[in-house]
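In the two assemblies presented below, chain A is common to both, partnered first by chain B and then by chain C.
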Partner chain A sequence: MSAEAQALQGAPGNGRARTVDLAWFRRRQIRTILGVVAVVVAFQLCSMVCNFSLTYAIGSVPAAFVWMFQNFIPTAESLANFSLVLEQTISTALDSVAATVIAAIVGIVLSVLGSSTIGVSFAPVRGLIRAIASIFRNIPMIAWALLLLLSFKQNEFTGFLALFLTTFGQLTRFFLDTFDEIPTGPIEALKSCGASYWQIVFQAGLPLAVADLMSWMLYMVETNIRSATLIGLLTGTGIGFVFNLYYTSFRYDTAGLVIVVTIVFVLVIEAVSNVARRSMI
Partner chain B sequence: MLLEVQDLGKSYDAPRRRNKAATDATSGTPRALSGVSFTAGQGEFITVIGPSGAGKSTLLRCLNRLIEPTDGVINFNGRDITHLPNGRLRKVRREIAMIFQNYNLVYRLTAIQNVLHGRLGYKNALAGSLGLYTEDEKARAFELLDEVGLGEFAYRRADQLSGGQKQRVGIARSLMQDPKVMLCDEPIASLDPKSSRMVMETLRRLTRERGITCIVNLHQVDFALEYSDRIIGLRAGEKVFEGTADETTPAVIRSIYEGDAEVMVDVPVEMPEAAGSPIEAGAFAAEPATGGAQ
Partner chain C sequence: MTSVTLSERTAAVLERDFAGRIRVTGRAGRNISVQLTLIVLVVLTFVTFARMGYGTVDLIQAARQALADFGAMMLQPALDRPLGAGHFTWATVMESMLITIAVTALCTVISAIVSFFLALAASENLSSSAVSNVVKGIVAIIRSIPTILWVLVFTVAIGLGSEAAVLGISFHSIAYLTKSYSESFEEIDEGVIEALRASGASFWQIVFQAIVPATITKLLSWTFIRLEINFTNAVAVGAFAGAGGIGFQLYQAGSRYYNLHEVGVIVYACLVAAFVLEYVSVQLRKKYILND
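And then the complex of A and B:
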């Protein structure tokens, strides 16, 4: 009796859930097509407004590459500068490694305190840390370099500081996300064992996060070697300065050598950090 | 009594006590826990059963104050721990171990490191943070791993162990605390039947051989009936039953899980009488089949 009543009650509900609507698929297709058309139209409109011609742009690419290769290929005489280029590249790379590592240390401390999982329980402190990270991250590195040039003049420390400040902001942000995502179970477990705050941080928080933290740090080392080249242009130091020197004096072959050495360096660093990452999983 | 719980309550929406009655009456929000009282003696095996959301986990976590209760008193070892400040709470917590459904091991560390975590409550901040354990503690950790049958897995990382093995590491970790009470939150919910039995057997052995009191949340009623000295039924945050396994008849179980007002129990001993005819009990047993046919 009661089962029957239940079945009767259930029936209309089931009917509603199984509504057959074949037109639904067509409506979805139409929506997708409309989306694609909208993107194409928007592109055309924007091109018209700013006088951009796609065909001309594509057509001129090969010529540009040919010119680049003809001028920037390092020549035999540019190799005379090789030792200078290498020395400056190494110095720039070491500078950015140092800036990144120190930024990472500061970032780890701040992000532990600011995380939602093992952070301090006083919410305003966590908010403040997030705000600081955000501010430093969102001021572009070039802007930092220009600002710092005024007070620290053209030297390696200015570049180091510009790298450090942006990296610190960025890493703190990445680290906060990493710590926010560690499982809370082990933390709860250690708490239930009677562990104190710092014991939990060092025995559960850091071990659970360390692989991701290192991975982000290595990523920033790679990015920073590239950025450091650019910063060197402004601060008149390192490989960026060497590049600028030869570039502005039309000695493109040596400028090309700088580019090649930098690329090789970045690739080597990337390979090394990939090995490091894999060994840490 | 080792553990005495009186009128324990937890509500999330009304932190201020003077508003409590008003909130309960007007909003009608069920409190996570209300008016739960029970005692646990040394070496007792108590299981808490009840439907999902009945407050079983909240109850267990209130006992070691991972969750702060809003009402009631918890007496542990002759001492009111309900409002102990942090420093002294740490000292109490090391005597109340806990094991979890998801094992909650630090999965990137080895089994032996996880077992040693049980000592953290006894160590100062620096030694604990750096993982500097004494030789005695290390030897004891290896002993305990051996005891739960995982001696050869000491250097294996926790994420490479099977579910049953992880739970046994969890048990070894809690024994490392030299606990008087062990709170077990759904310890076998993620395990296969064989591992489940192994874990339950281990827990029972602890109560018998070491006199540790086990309070276990369970979903598996059959296990509860088999292993418990005493069973507590929890529904909608309230204790609706307490009795031995023998007293926990199918009708009682139904009343705990379905909340049939007529067979609700006040005096556990009289329960089987009040439960009604055996036909009703039979109907309960047959229900899964009818449910499947629908």
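And then the complex of A and C:
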């Protein structure tokens, strides 16, 4: 800001407006070069820290893909496991829906109370809700899965609980952002008419936000199928478990079948939720 | 998809919601689709609970133990005896955290660069619609495969190590960023590109003189959002990729040593790193967006 002001003030003294323009372009050029240099240096430092070789990584991508297409293509033999894979994929998809719905129910209550537009007027409560959402969102999924594994043992419900706890934090954050962005006009109007708190929430807050809330829920269902895979690996349930089972016993064709079925499922769910989203706007 | 051009007066009477998006469904239709979606989701939830395997544990007993475990993890984090067992030192935790952050940064830089060029090919206004559809299709498929599966596939294909972790996370990240970048590119005013094209500018001149300056704030903003997601992913895949990192230590503490106090310390380390990353990303986003 100050450099710009100086350049502008210096311009009449030089008597030529051109110098100002050139200086601006030169500054932009220098800034770009500095940015690139900073990224390159940071990249080198990070490569050293985690022992990463860019040339090896890039060089191995084509070979990795060739290897993948040779080994991960489902064979006729692996199709024998198709019903098992399909069943586990369906249960993983259902788990992610259930985790999202339950998380949304808890999340919507917390985010209504915690939002800056229709939340409670006592600020520490709003701060506390935000803090809870933030902590639940940032505790690593591995920690949730391992913690629950100790008490609930290895079963589908454990996977569902781990999924629910991570979803709850994320969804509450998205919902809070949505409620923070709704226009305050209708809320003010209701308030000045003497509407009660819950009347404001149900007549202004929820109707204004409902399309976005649903959109976030559908997004969470999609994301959860991917997260459920990781949780399944840890808790021994669902599609992650099936993948791990065949992957660790070197039966890559069936592992490939898991990947193909996952792709189809996620794409179909994405397509359906896009249609639903469009019809809500 | 067909596109139509509206006259200014027609555009002015279109119904828009509070965020300025054009309404495409009438009020009754919107209500029906919200209700329908909710009903479907709730029914699916009931189906899930009906067919779910609950194992053989007493759920109330297990819930009580889980709460106690959660308390041990969050309220009594410790590395040293008596609560901890001395499996980890602060130096190991710090070093692993540094490795995870390095993996995060590498993935973000690599995927930002690759996605930029892929997004140019994926934007309908910069390339042909055939190329755009092909790239978008491939990207959608890559995106639908979970990060952890990418990492596992790469670990067998190229061996254990940070390369597998970085490539695995980057693949998903590239797919995500290509989609977001190309959406930003497609929002650019067609007239700007037209004007440069008419005055004889080459493709790269158009990209660097019009596209980049007009979208740089959005691109950076998407990249920083992805930086946070990549950190979460880097922690998550750490246990499986053999690249070390905090996720690996977390997995060791939780599933090998069964020591929740040590898990607690590592969880707090992850929380601090995530908060710092979020703070930095918010500040940078604010700075770049305010500067423009």
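Everything below uses one rule, namely that the second predicted complex is superposed on the first by the 243 of 281 C-alpha atoms of A that agree within 3 Å, B and C clash if a C-alpha of one lies under 4 Å from a C-alpha of the other, contacts with A are read in each partner's own complex, and residues count from 1 in each chain.
Quick note on the criterion: a contact is a pair of C-beta atoms (placed from the backbone, for glycine too) under 8 Å apart; a residue touches a chain by one contact, two chains touch by 3 or more.
Please read all numbers here as calculations on a predicted model, not as lab measurements.
S.K.: Name the contact category of A:Trp198: first (chain B only), second (chain C only), both, or neither.
M.R.: first
S.K.: Please indicate which partner A:Ser116 is in contact with in the superposed arrangement: first for chain B, second for chain C, both, or neither.
M.R.: After superposition on chain A, A:Ser116 lies in contact with neither partner.
S.K.: For A:Gln29, decide between first (touching chain B), second (touching chain C), both and neither.
M.R.: Neither partner.
S.K.: Regarding the shared-chain residue A:Leu190, is it in contact with chain B (first), chain C (second), both, or neither?
M.R.: So A:Leu190 only meets chain B here.
S.K.: With the two complexes superposed on chain A, say which partner A:Asn274 touches: chain B (first), chain C (second), both, or neither.
M.R.: A:Asn274: touches no partner chain.
S.K.: Touch check for A:Leu148: first (chain B), second (chain C), both, or neither?
M.R.: A:Leu148 contacts chain C only, not chain B.
S.K.: In the superposed arrangement, does chain B or chain C reach more residues of chain A?
M.R.: On the superposition, C touches more of the residues of chain A.
S.K.: Between chain B and chain C, whom does A:Val210 touch in the aligned arrangement: first, second, both, or neither?
M.R.: The answer is both, since A:Val210 touches chain B and chain C.
S.K.: So, does A:Gln44 touch the first partner chain B, the second partner chain C, both, or neither?
M.R.: The answer is neither, since A:Gln44 touches no partner chain.
S.K.: Kindly list the residues of chain A that each of chain B and chain C touches, one partner per complex.
M.R.: In the superposed arrangement, which is not itself an observed complex, chain A uses residues 183, 208, 210-211 for both chain B and chain C.
S.K.: What does chain B use to touch chain A in their complex?
M.R.: 64, 66, 90-94, 96-98, 100, 102-109, 117-118, 120-123, 125, 128-131, 170, 173-174, 177, 183, 290, 294
S.K.: Using the touch rule from the top, collect the residues of chain A that touch chain B in their complex.
M.R.: 3, 6-7, 10, 183, 185-186, 188-196, 198-199, 201-204, 207-208, 210-211
S.K.: Help me check something: in the complex, which residues belonging to chain C touch chain A?
M.R.: Those residues of chain C that touch chain A are 17-19, 21-25, 29-30, 33-34, 36-38, 41-42, 44-45, 47-49, 51-57, 59, 62-63, 65-66, 69-70, 73, 98-99, 101-103, 105-106, 109, 140-141, 143-149, 152-154, 156-158, 161-163, 166-167, 232, 235-237, 239-240, 243-245, 247, 250-251, 254-255, 258, 260, 263, 266-267, 270-271, 274-275.
S.K.: Would you mind writing out the residues of chain A in touch with chain C in their complex?
M.R.: 39, 42-43, 45-47, 49-53, 56-57, 60-61, 63-64, 67-68, 72, 91, 94-95, 97-98, 100-102, 134-135, 138-143, 146-158, 160, 181-183, 208, 210-211, 214, 217-218, 221, 225-227, 229-230, 233-234, 240, 243, 247, 252, 258-259, 262-263, 266-267, 270, 276, 278-281
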